[in-house]
Structure formats: structure tokens, C-alpha cells
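Residue numbering begins at 1 within each chain, and the chains themselves are lettered A, B, C, D and E in the order written.
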Amino acid sequence: QAVHVAVAANFSVPLKEIAQAFQVKTGHEALVSVGSTGKLYTQIANGAPFDVFLAADQKRPRLAEEKGLAVMGSRFTYAMGKLALYPASSPDVLTQGDLVRLAVANPKTAPYGQAAVETLQSLKLYVPLKDKLVYGENIAQTYQFVATQNVDVGFVALSQVVDKPDKWIVPAHYYQPIAQDCVLVKDSPAARAFVDFLKGETARAIITRYGYGG
Amino acid sequence: MSNISVRFSGKLDKFDLDVAFDIPGQGVTALFGQSGCGKTTVLRCLAGLERVQNGYLCVGRHIWQDKHTFVPAHKRAVGYVFQEANLFDHLSVKGNLQFALKRRNKGTGANFDDVVNLLGLSGLLDRYPENLSGGERQRVAIARALLSAPEILLMDEPLSALDRFSKDEIIPYLERLSDVLSIPVVFISHDTDEVERLADHMVLMEQGRIRANGPLLDVLSDPTLFIAKSAKTASVLEGRISAFDQEDQLSTLDMGGADLFVPGYVGQIGDVRRLRIAATDVSLAVDEPSKTTILNVLATRITDIHVIDGARVNIVLSIGDRSQSRLIARITMRSLKSFDFQIGQLVYAQVKGVSMVERRKGKRR
Amino acid sequence: MSNISVRFSGKLDKFDLDVAFDIPGQGVTALFGQSGCGKTTVLRCLAGLERVQNGYLCVGRHIWQDKHTFVPAHKRAVGYVFQEANLFDHLSVKGNLQFALKRRNKGTGANFDDVVNLLGLSGLLDRYPENLSGGERQRVAIARALLSAPEILLMDEPLSALDRFSKDEIIPYLERLSDVLSIPVVFISHDTDEVERLADHMVLMEQGRIRANGPLLDVLSDPTLFIAKSAKTASVLEGRISAFDQEDQLSTLDMGGADLFVPGYVGQIGDVRRLRIAATDVSLAVDEPSKTTILNVLATRITDIHVIDGARVNIVLSIGDRSQSRLIARITMRSLKSFDFQIGQLVYAQVKGVSMVERRKGKRR
Amino acid sequence: MIEPILLTLKLAGLTTLILMVLGTPLAWWLARSQAWWKEAIGAIVALPLVLPPTVLGFYLLIALGPNSPLGQLAISIFGHSLPFSFTGLVIGSVIYSLPFVVQPVRNAFEAMGHKPLEAAATLRASPLDSFFNVALPLARPGLLTGAVLGFAHTVGEFGVVLMIGGNIPGKTKVLSIAIYDHVESLEWTQAHILSAGMLVFSFCVILIMMVSEKRMRKRR
Amino acid sequence: MIEPILLTLKLAGLTTLILMVLGTPLAWWLARSQAWWKEAIGAIVALPLVLPPTVLGFYLLIALGPNSPLGQLAISIFGHSLPFSFTGLVIGSVIYSLPFVVQPVRNAFEAMGHKPLEAAATLRASPLDSFFNVALPLARPGLLTGAVLGFAHTVGEFGVVLMIGGNIPGKTKVLSIAIYDHVESLEWTQAHILSAGMLVFSFCVILIMMVSEKRMRKRR
């Protein structure tokens, strides 16, 4: 039996690994649909055939529960997103005069963007740097801006640069925690099995390895 | 087929059309008139390509248009040759012809090979319209219309892009078509020669109106019309072949009492032929004229005298006992005065240059 | 302007063209030949619209094409009338004419109003090409070419869509143009009448080759060419007006010793006029013929006898002392035998039906 | 990797087919009709273009979702609602790419003029017969352009597909989304390979279409 | 709310203008040239279509980045690299919408045939003169279609813009992105308002263009 999992883009890589492990263990196939949180929520609201929804925030899963789109009480936080500044070894790059552009995710639609703005505010750099910001649609696009060297530096998800040395991991107190919630959309044994697997040791290890907090 | 009744009046854009005429349901009718007088428009109305507010059109037993009816073009069995060939660019010459063949009623219509040969298209069948010369395009258009097995053939200056040699081959074929299959043909032409050779009936237009309508000979020789004044006025007569001299290759035609000699073999004895005699080819003498190379001298009676202008006069003559065989002589005013011709007088008409209006078969009138 | 030298040979698609001819750098040249023989192709090569592998073209002092040169069409000062009018659909009639006006060299070329009036376009100036009749379109095309102030005028069947009345107005204008402005005109026509009236020089084509090339009268009366066999064979002669009879409206022309009478006022005394005499209009007599309505009886000498077929013969005559004034008589084989005409014999030629080839001005030959 | 490719070909092929079947008569009507409101229809056809594809997809999602009247209708016809099904993808793509087909085809019909149709009518071709045997062949360059633009656009179409398709492997995960997925998941090598393959393949398809059209024209 | 609208109009207007200026000669060349490789160019022009816009944007980002040769060139010309600037947006939109302009215009040029140009040449119009005074006016329906498709598509263009524009308010945050933002952040009411406004506005623009074209044709 197949479980259909909708996942926010930032978590797609770890999830694919988890899905494989899940299949090995339970024999259930996990079909993965990637999208932005907002889009996935809209799709669920309009009858998308997803069984499990892994969002990048807490708001959308909660809304889904409230609107009766998901199984009440099935919500839990599966990962804590961490923010990193890349490529940089310290926040000093932000104050250097030759900084031309700084990439963040769109704070309006992406939790990592919100976190990035909060970080800048904590550093009292938001106002001075406001005109240098460019916004990615989501955290993946933000990373692309950096990776293609079109911006000098950007706030990305730690999971994206976990194996890169030249990053500055933003201390957790600079921003509201990025709690990423999961919710069961359709109740089925396989879906429950997947949720249980996600909570289990194997999955936790993978999640941590990708730089998420537990 | 019985008559074709035509009544169209109304405005087409800014052009004001108001015509009403009846033409015979057989034979060839010429639509004649100056550039822009509305000939094409009338032909399009006949074909159902144009719809005029007040129209009535009855072809044979079918009403194609009246207050309540408008038979669409594709349900009228017309063959139409457009003024500018209007071939299908996406089809080869063969494809264009087959387009017509496929849609005609089974078992009717002209033979493909005949038409192709007649119009000299056999070498062109695989060519596409854009690679044809002007005359070639026009010939394909004629062939296409002929192959559609029409019950009435409408042709808009079909021969204007053709040289004389092509014309000489096509005209007799069209005549035969209208004779044998008794399909009425309506065609537009600017060329009086063409009209004289091909038409039985003539409709003369002027600025969207009908100026004259009647049998060809009547209209052509109507002295009140501008055509009669033209240098090309001619009589068209019919005669029966009565003899052929093998040695001199000279045919004799009986014009109803009087004989006319025509060079060459023109047909079997007993056949009826149409002859064209230009008014300027006829000279008159009071006494039997002396011997010249003019073979044809006819005893005639003057039935009418029309003065064209200060210099020229048309004398209308009747030949022998056939009062309907009208011969026109164009003479100078000086001759009229010096001979003092009178209506009723007997005169000798010397006829130089009789030309056969090439017809394979005699025609009913 | 000196001569126009034309040499084109090569394949255009599958059509094999190989022509070489010289034509005068003034006057009107007719390009004549059967449908599909390559007339349009030659004209297009002259205009630079088509480029043939081996070509040489020299117009006056300009080389327009040789091994190394190919002057593009827009740099050749040609006026071109296309076989199918080819107007600009996005411009009104006025716009089409102004397109030509704007691009011509300043201070040259015909007057706008003159041309518009001549071609009867004043009522059509605001119309668009798609709303014009076939003849109207053709007239606009002619006007457009005239207004472009060409140094050579190339016309592809310019008059085929026109009625006689329009032709009668346009032809003299074209003649005057070629006379007064001494612009050479090359035109294609299928119509021998048109050619006779308009052309001074004639190039006869057959299947992509030149069959004959020379002064009009020579080509037309060359008995070895098919034109001479046609029923329309005619002599074209020039004479000087010597008298005009007011009362009978009869003009007398001096043909170089012999007189010819022509009805109507044809011009001032002393002017030179061109006359067309159909071969079928000329009859012969050995003795002076008796009095008939035929006014014109000329003493002539037989210079040649051409048998056309078993029934018909062309007799070539010289009038008076002018050996270059060649008159052709078409008689029957029977007459030839019964009179036993011989070359060198003196005969009386009776000429019925002299028609003026309408020319406003005498022409140099 | 092969699954999205097949799915894409199936989607683009089917969409192009439907686009031609629907778009051509619509273009014909727009070219020929005398109705005063036809230009309004013409403008409406072009409208899907001005919405960002994801937004268009969003509205399609709402319009076709199980709670909408249309969605209810679809459920009674297809047994399931349209979004997140291949059928839904096809519908979305058709709506989004329609103007690319209608406009060029309409232009071709208009450029043709009345004359060939008049000739056909005098040869007794019914309007339908004329449409198929005269108008369509004469409009071939326009039809080809419509097909190329429609096909290419469907292959590259993404926003609408993502929104109403939901990126479901084997069902609605077409090549464009697969590439997008790879790009977003930092699997750039795969993205490069897929993109290059797609470009080469499309280049060949388009080139073959264009050259064969040219040859058909040359053959004359 | 007014800022993205103005920005969108500016972008779409400028892009359409550039598209016409670049696309028309290109279409002309494609229609007239005898070069055997021209169909390859024709196919290349159509290629941007088959890539999902975001992917195209991704590659543009690579191609125009400050370290690429093109990027270096741009820096020496414009003083800054192209991504995240309005200039970059325009360039991306032009590349993405080029086929919608080139194809219809090319068809119009081809449908016109040689004849009007030959007439123009015999009236001493130079090739350039013919192009402007004969070819362009005769190709008007094709030009209009190109302009409408190009304009509408740029207004709705989103993936490329998002990718190389960086969503900078007042600089690259165009209407399509603004609507998308609202949809993603569940601000559906604002999304509805903006979308409806955009549709109505575009409908009017397109309708006016089409009707005025029709009237110009009728006036004859």
C-alpha cells in the first residue's frame, strides 16, 4: 500500500531518504510530492490526494486541522529548521562595505525568510541592508542565488549547506524557532505507519544529519 | 432548359446595381460593357457568391433566389471561371482538376483527358499554380470549371489572357458544350470578336443597368447602340453547305437562294455553318460588277439605311428570299450620295473576306 | 537613347530560356507569342525581378546585367505593369499612386492629375484595391507605372482586362509618352490589333526562343511566320493627309503617288497617319474595275505570291513608286488560278475597309 | 527518469491534439464570423496568458475542486474530481496554451481571404468540405506554428501543472516538474542532464516539423 | 499595490517594444533567407519555451551571473550584473517571449509572398523602404498577434521573473509575483482582487487592440 506524502521543498532531500528507509522497513511505498507549503496547503484544501503533509511551518498544518482538512490531533513537529549564513564564517560580511546583495527567502511565504529577517533585525542590520535584499520564492531558490554567485551571501537553510565549511550557523536566539509541523491528512494504516516511522529513531537520525534540530 | 430570369437590385457597398433581364436557357450569352459597369457583380450574383437585397433568379425550373429563398453557391450547379484564375495554391494542376471531378455528380460531365488535351494541360499536371504563366493559369481555371459538370457555365473574361491559337481551340469546344449538352453559358468579354464568334445572345450593361438585351445579331446591329458605330460591325449569317470543290478547296454555302464561297473545307454537305461578314467588307454596286478577285457577289435588297456620322453609313440588306438574313454594308457618305441608294432598291453586294465563325455544328436559333 | 541589347540564357526552374535580341532604344516594342512561351519571364529579367545564369542586358549607356554586374530591380528606372495588377492592398488607389510619386526623381515624370484623368481613376482614389473591378485594378497599375517616371516602361498585357473604350484612350497616351519623352516601351500582348496599333517593333517568341525580331511591318508581313497565315493578316501603311472633304467628311491620304480615301476627319493636312488594311479587305482586278461603293482603287504591282494552304493565297503588292509600302491581298486559290496572276504583273487593288491605326502624331520609322 | 519523459510526451501530445481540434474551429469562427462580440471572445481566449501560471492553476484548482459546481459535474462524469489527475492536467494545459494555437491559426485563416472558398463553393464543396480540403491545407503554416507553440509550451508548462497536478510521481509529475524538483533539491547534475536532453529532443522535433513543412512547400 | 502594477506595465510595455524591434527583423530574415541553417535558428528561437520558466531562469542566472563571460560583459556595459535588476528582467522576458512574436510575424511575412515586394522594387523602393512601407503594413495582423501574445505573456510571466528578478519591491516585484505571494500566504482576498483587476485591464487592452485593428481593416 502506498502512502502519499506532500513535503515542503526545504525538506524534500531528507524526506526522500526517509521514504526509502520506510519502504525497506515496512514494505509500504511512499510517494513524495514536493511543493511550497502554501501551494501544498491550497492543494489539500482542494482535494489533493495526499495522506501526510510535511509543512515548513506550524501555521498551515494547524489551519488544516481547524478546517477539518486533516485528522484532528495528529499534528506534531517533525523538525526544527536552522538558519545559516552562506558563504560566510561570521556575520561580519554583512557589515562590510563591498556587500552588494544579500539573499533571503520571501519572509511572507517562507518561514526561513521570516527567520532571516528576524535575524537581521536582531543584528540591527535590517534597515541598513533593506535595499540590498533579494528574495527567493522559497529557500531553495534563495540557495540558487547564492550558489550561482549572483548574490554575495544569503540566509539559507542549514540543511542545504550542512556539508559546506564556509557557513555561519545563526544562533537560535536571533530568530523565532522554525518549527516544521506534520499532519495526517487521510487516516490509513500505512499513513499512520509513516508518521510513526517519521517519529522513530531511523528518521530522527537522518533529520539530524541534515542539520535540523529535533 | 427554359429561360433564365434575372432580377437584381440593391446596393453592394457603394455600387448601385439594378438589372432585370431574361436570357435563353440554352446557347451562349455574352455580358458586355465597360470596365466597372458591374459585369462581374452580376455574374457573382448568378453564382450565389454575392447576395443582393432584392433579387430574383430562376434558372430553368429552379428558383435560386427570391424573397424567401437563397440557394447557397455550393448547391447551385454552376461552373465558374473567375476573372483572376483563383486556383487552389495548395493543389497541383491535377489536384485542382480532381477537386472538381470528385464533387460532380457521378456519371456526368466532360471527360478528364479530353479537357486536359483541349486546354493543352497535359504537360502541366504536376505543376503548382504559382509556377504557371498567366495564360496557363487561366486554362486550368477553365478546365476546372468544365470538369465540374455544371448545369450552367459562368465565365468572367475567360479568354482574355489567352493567345489566339488557344482561343481558336477553346471556343469551338465551348460552343459544342453548349450545343451538345445544352448547358447555357454566360460569359463576360471585352472583345467584340470573341462575342461574335461565341455568343447567341447578348446583354449590354452600362453603370449597373441593362442597356440592351437580345439575340446577338439584333444587339450587334442595333443602330441605336454604340456597338453598331464601331469599326467592327459585322453581320453574322447562317448557311447550309451545298458543295465543295476539291481542287480549289472552295466550299459553297447556300444562304437561302444566294450562294457564298468560302475557302477551305468547312464541313459536310448539308451542315449548317455560321459566317461572319464585316460590314466594312461589303461593297455595293448597282449594276452587276466586273470580274475581280471578289468571288462573292450577291443580289440583295436594301432594307434600311443608318447614318453613323458625317462620313459613314450602314446599309442593311436582305439576301434572297430570307428576310431574316440581314447583311450590313459599311459605305462612305460620298458613295451613298453618288449612288443615291434608296430603301427597297435592288443592289449587288460584293463580299470580300467571309470568315467562318468556327462552329462544328449548326445552331438552332 | 541607343539600343537595348538583351541576352538571357539559362534555366528558371524547369523552364529553359535562351533569347538574344536587340530592340530600339525608343518607340514601342511588342513581345508576342503563345501562352507559356516565356514572355513574362523575359520581361521580368529586363526589370531585374528574375536573374538568369547567363545574362547580358544593356539599356542605353547602362549595363544592367553582365557577368559581374546585376543592378537590382529598385535601381533600374523601369516602370512595370504586372500581368495581374499587383497593387498594394494596404494602400488606397491614391496611396498606390503616391507610392510611385514619392520615389521618382524630383521634377520628372507624368503629371498626377493627367494620368488620373486619362485612366478614369478620379472617382476611385479613395477606394482600396480589393474593392475594384478587374479593369479598374489594371488601370491603377498602369497609372502607377506611368507615375513612377520610368526610363523604360515594361508592360505585361496591360490592356487585356480593358474594354475597347478604355484602350482607345490609353493607347494614344502611351504612344505620345514614348514619342515625346522618348521612353522605350516594351509590352506583351496577345492581341494582334493592339500590337498593330501600338508597336513599332516586334519580337516574336516561341518556347523560350526568339522566332523573329524586327520592325513591326516586317515581322507582321513576313510570310514565313505563322502570323501571316492568320485570318487577321493586315498591311500597315503610312500616308500623308493631302485633302479633306468637309461635306462628305472624307480624308484623302497620299500613299506616295497613289491616293487613299478614309472616312472622317483624321488630322491636319500634311500630317502622317498610319493605316491598317486587312489582307482580306483587298481584292484584285486585272482591268480597272467598274464602279462600286469601293472608293479606293490603287494601281499596284505584284511583288510576291505566298500560298497559305490549298484554298488561300497571299499576294504581296507594292503601291506606286514606294517599294517599301507593302500591301497584302488575301485571295482564294480559285481566283489565283482563274486570273493567273504573276509576279511583276500590274493589277488594280480594290481596298474596302481602310482603318486608321489611331495615332495622334506621325512616327519616325 | 523515464516515467516523467513518457508522461510529458503523452501530456504534450494529447494537449496539442486537443488544442488543434478545439482551437482550429474556434480560430475559424473568429476569422469568419460577423458577430460584433467575437472580438470579446478573441480577447477572452488570450486572457489565461496574463495570469501567472500558478495563479491560473490556483483558480483552476478552485473552479474544478470537489466543492465547486464544475468539480461536482466532473465527479459525476469521470468518477473523480479533475485536479491531481492526468485529465485535469490536460484540461489546465489546454486552457493555458489555447491562445498560442488560436491566434496564429486565426491569422492564417484571415490571410487566406474569401477567394479560395468561393472557388470551392462554385465547385460544389459544402462549407465543411471547403473547411477541410481548402481552408485547412491553405492554413498549414499557421496550424504548424500553432502546433509548435502549443507543444513546446505544454512541454515547458509548469506553474499550472504544478498547481493542479500536485507533482504526483507517475501521474502528474511531468518532466518540467521533475527538472524543477531536481533544481530545488540541489540535484543540479540531474537537472542539467534532463534539461539538455529536453532541449535537444525539442530542438529535433521542432526542426523536423519546420523542415518538413518547408519541404512540402518546396515540392511544388 | 500600485507599485507592482506600474512596474508590470513598464516591464510588459518595454518588453513588447523590444520584442517587436528584435523579433520583426528576425522574423523577416527567417521568412526570406535562403540559408539552409535558418530553420535551425528558427527552432532555437522556439526552444526557451520548452524549459519550465523557473528552470530557464535558473540557467539565465548561471549565464548572466557576475562570473560568466556574459555577466562580465553586462557589468562593463551596465555597471552591474543583470540579475536582480529591471534590465535583467527585461532581458529574461524578451528571451522567454521571443517565439510568441517571431512565429506569427514570420507567418505573416511568408503569407504575403514576393509580389508586393516586387512591385515595390519596380517603383524604386529600396529593400529597407519596402520593408517599412510595404512588408510591415501588410503584416499588420501578424504583428498585432505577436504584440498581444508577447504583452500578455510578459504580464503573466512569472517563473523567469521570479528567478532572475529576486522579488525586490519597486524594482522587480511585478504584479504576477505579488499575486502569487498573496496566494502562497493564504491572502486569497487580495489575490482575487489583484487577479480580477489584471484580467479586466488586460481584457480591455487586448480588446481595444483587436477592435482597432479590425476597424483599420474595415475602413477600406
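What we mean here is this: a residue touches a chain if its C-beta (ideal position, glycine included) is under 8 Å from a C-beta of that chain, and two chains touch if they have at least 3 such contacts.
Computed from a prediction, not measured in an experiment: that's the story for all the values here.
Enquirer: Tell me which chains count as touching both chain A and chain D.
Expert: Expected: E.
Enquirer: Name the chain whose C-alpha centroid is most distant from the C-alpha centroid of chain D.
Expert: Farthest by centroid: C.
Enquirer: If chain D and chain E share one sequence, what is the angle of the rotation that overlays their CA atoms, in steps of 5 degrees?
Expert: Chain D sits rotated relative to chain E by 180 degrees.
Enquirer: Roughly how far is chain C from chain E, going centre to centre by Cα mean, in whole Å?
Expert: 56
Enquirer: Report the inter-chain centroid distance for chain A and chain E in whole angstrom, where each centroid is the mean of the CA atoms.
Expert: For chain A versus chain E, the centre distance works out to 35 Å.
Enquirer: Between chain D and chain E, what is the separation of their C-alpha centroids in Å?
Expert: Computed from C-alpha means, the inter-chain centre distance equals 19 Å.
Enquirer: Considering chain B alone, which of its residues make contact with at least two other chains?
Expert: 131
Enquirer: Would you pick out the residues of chain D that each touch at least 2 other chains?
Expert: 54, 58, 183 - these are the residues of chain D that touch more than one other chain.
Enquirer: What are the residues of chain A that contact at least two other chains?
Expert: 39, 42, 141, 144
Enquirer: Taking all chains into account, which pairs touch?
Expert: A-D, A-E, B-C, B-D, C-E, D-E
Enquirer: Can you list the residues on chain E that touch chain D in the complex?
Expert: Its residues touching chain D are 39-40, 42-44, 46-56, 58-59, 99-100, 103-104, 106-108, 110-111, 141-142, 145, 148-149, 152-153, 155-159, 176-177, 179-180, 183, 191, 195, 198-199, 202-203, 206-207, 210-211, 214.
Enquirer: Applying the document's contact rule, which stretches of chain D touch chain A when the two form their complex?
Expert: 54, 58, 61-62, 65-67, 71, 81, 83-84, 162-163, 166-169, 173, 181, 183-186
Enquirer: Under the definition above, what is the set of chain A residues touching chain E in their complex?
Expert: 36-39, 41-42, 60, 63, 100-101, 103, 106, 108-109, 133-137, 141, 144-145, 148-151
Enquirer: For the complex, give me every residue of chain C touching chain E.
Expert: Going through chain C, the ones touching chain E are 47-49, 72-75, 77-80, 82, 86-92, 99-100, 103-104, 128, 130-131, 144-145, 148.
Enquirer: State the interface residues of chain A toward chain D in the complex, per the touch definition above.
Expert: Residues 4, 6, 9, 12-13, 16, 31-35, 39, 42-43, 45-50, 138, 140-141, 143-144, 160 of chain A touch chain D in their complex.
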